[in-house]
Amino acid sequence: MKTSTRNERGATIVEVVGQIDLGSSPALRKTLLDSLKGTDRLAINLIEVKYIDSSGIASLVEVLKEARRSEKRLVLFGLTPAVREVLQLTRLSTIFEIRENEAQALEA
Amino acid sequence: MKTSTRNERGATIVEVVGQIDLGSSPALRKTLLDSLKGTDRLAINLIEVKYIDSSGIASLVEVLKEARRSEKRLVLFGLTPAVREVLQLTRLSTIFEIRENEAQALEA
Amino acid sequence: MNFHLRLVMPSHPCFLPVVRAAVGELGSIYGLPDEECRGITLAVDEALANIIRHAYKNRYDQEIEVYCEAGADRIEFRLLDRGEPADRAKICAQPLNAEALSGRGTHMIKSIMDEVRYEQVPGGNQLTLSKHLPG
Amino acid sequence: MNFHLRLVMPSHPCFLPVVRAAVGELGSIYGLPDEECRGITLAVDEALANIIRHAYKNRYDQEIEVYCEAGADRIEFRLLDRGEPADRAKICAQPLNAEALSGRGTHMIKSIMDEVRYEQVPGGNQLTLSKHLPG
């Protein structure tokens, strides 16, 4: 798994590429929590994520909780079938703010 | 592996999707030899072939020999790195007529 | 086809992508649609991650055996380890909860597979995961 | 990492995609660039196809063991079968020829791997394929 981060229209966008699993989720968790510190609005691009497991889901939940605590906004976009299916299995589809693409993720 | 066949500007185009190996190359061989019977010009689209082994290469060589024998034309196009590498390893890169894409494959 | 396949891997997370790649291909050999291939891959991966974290307590140099057998009507995985046996009372013990930072793996395994069985066998702990195949 | 992985598969071509998927992932774990991952995948696949066709003469219900060990400087595959031993005189015996319909597999294996060794061992026939890893 690799991530890259950039700023766009007042938001920070983290693009995740690869598989999120027990081996890679600690690095993802750290990247996301660090990025959240420096922004009011974090958008995570998951279009290149072909696999996510429960440890990756737990990292996303942790970032969401931290965003709520610090009154920031977290948006996920570009969900692949693999990501959608895991969110459904864990009944988290309605907990996250989910958008189709970057343009929508950056809208108000 | 799956194939689909269509006719375009006097040529027959066979599109191959998937992996060509010991298990799938007999079906590919048959499809290509059958297609060659009904056309003067056979173009094989390999853009969706992520794997080919020596049995797949042997099938292509067999079709090329049959094309030469019956004075027909055989063109390969859309070669992925995997296909290019195997043609290089087997020193067959210059034996086949190779084109970038369908438009070029259908040119005179 | 009534064939079986066996894989012995170190209890290190870096090998999980290897097993996932193999399980995904196995599913499609046996005619499972893409979503179910992803499902069994997820279930096996979650089960292996649990073995690494809970049975072997993150010791990465132990051994896990993955046995796969498929018949006409189902595909079955048996995972074998020699670590701490699972406490049955903890499996799916935490209800699925939007706030929790853990406790989802065993729920996912259970909702994906048709049968999930934790047992102790002479060789260690055995987890059986089985899934019906499409007619 | 000095770890090993073992896979026991039936001698049926339908399992070749499973092994290829696993070998490709293994290569990238050990830092091989994409082209070399594809290379070792091809070499192992060609070697397995040869075992199925030549050692087992297309009997699909036999067993092949694939053992993979990686150390700091190389990744090694050992393939074990209990079929006909390979006749060393036939390995790479046919020169690469644009007209031939066979005889390319062993040449590809040899040009991809750094070491290729056919031996008879107590358990059967062993083919060792090894490749240096990037520093």
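Each chain carries a letter (A, B, C and D) given by its place in the written order, and its residues are counted from 1.
The rule is short, and it goes like this: contacts are C-beta pairs under 8 Å (C-beta built on N, C-alpha and C of every residue); 3 or more make two chains touch, one makes a residue touch a chain.
Remember, it's a predicted structure, so these values are computed and weren't measured experimentally.
Asker: Show me the overlap between the contact partners of subunit A and those of subunit C.
Answerer: Common contact partners of subunit A and subunit C, which must touch each of the two, are absent.
Asker: What is the touch distance from subunit A to subunit D, in steps?
Answerer: Steps on the shortest route: 2.
Asker: Taking each chain's centre as the mean position of its Cα atoms, how many Å separate subunit A from subunit B?
Answerer: Distance between chain centres: 43 Å.
Asker: Between subunit C and subunit D, what distance separates the C-alpha centroids? Give it in angstrom.
Answerer: 28
Asker: Please work out the Cα centroid separation of subunit B and subunit C, and write it as a whole number of Å.
Answerer: Distance between chain centres, rounded to whole Å: 40 Å.
Asker: So, what's the distance in Å between the C-alpha centres of subunit D and subunit B?
Answerer: Centre separation, subunit B to subunit D: 26 Å.
Asker: Multi-chain contacts only, two chains or more: what residues does subunit B have there?
Answerer: none
Asker: What positions in subunit C touch 2 or more of the other chains?
Answerer: 14, 17
Asker: With chains as vertices and touches as edges, which is it: line, ring, star, complete or other?
Answerer: line
Asker: Looking at the whole structure, which two-chain pairs count as touching?
Answerer: A-C, B-D, C-D
Asker: Under the definition above, what is the set of subunit D residues touching subunit B in their complex?
Answerer: Touching subunit B: residues 13-14, 16-17, 20, 34-35, 38-39, 41-42, 45-46, 49, 52-53, 96, 98-102, 104-105, 107-108, 111-112 of subunit D.
Asker: List the residues on subunit B that touch subunit D in their complex, please.
Answerer: 19, 21-23, 51, 53-55, 57-58, 61-62, 65, 81-82, 85-86, 89-92, 95
Asker: In their complex, what parts of subunit D are in touch with subunit C?
Answerer: 1, 3-10, 12, 14-15, 17-19, 21-22, 24-26, 29, 61
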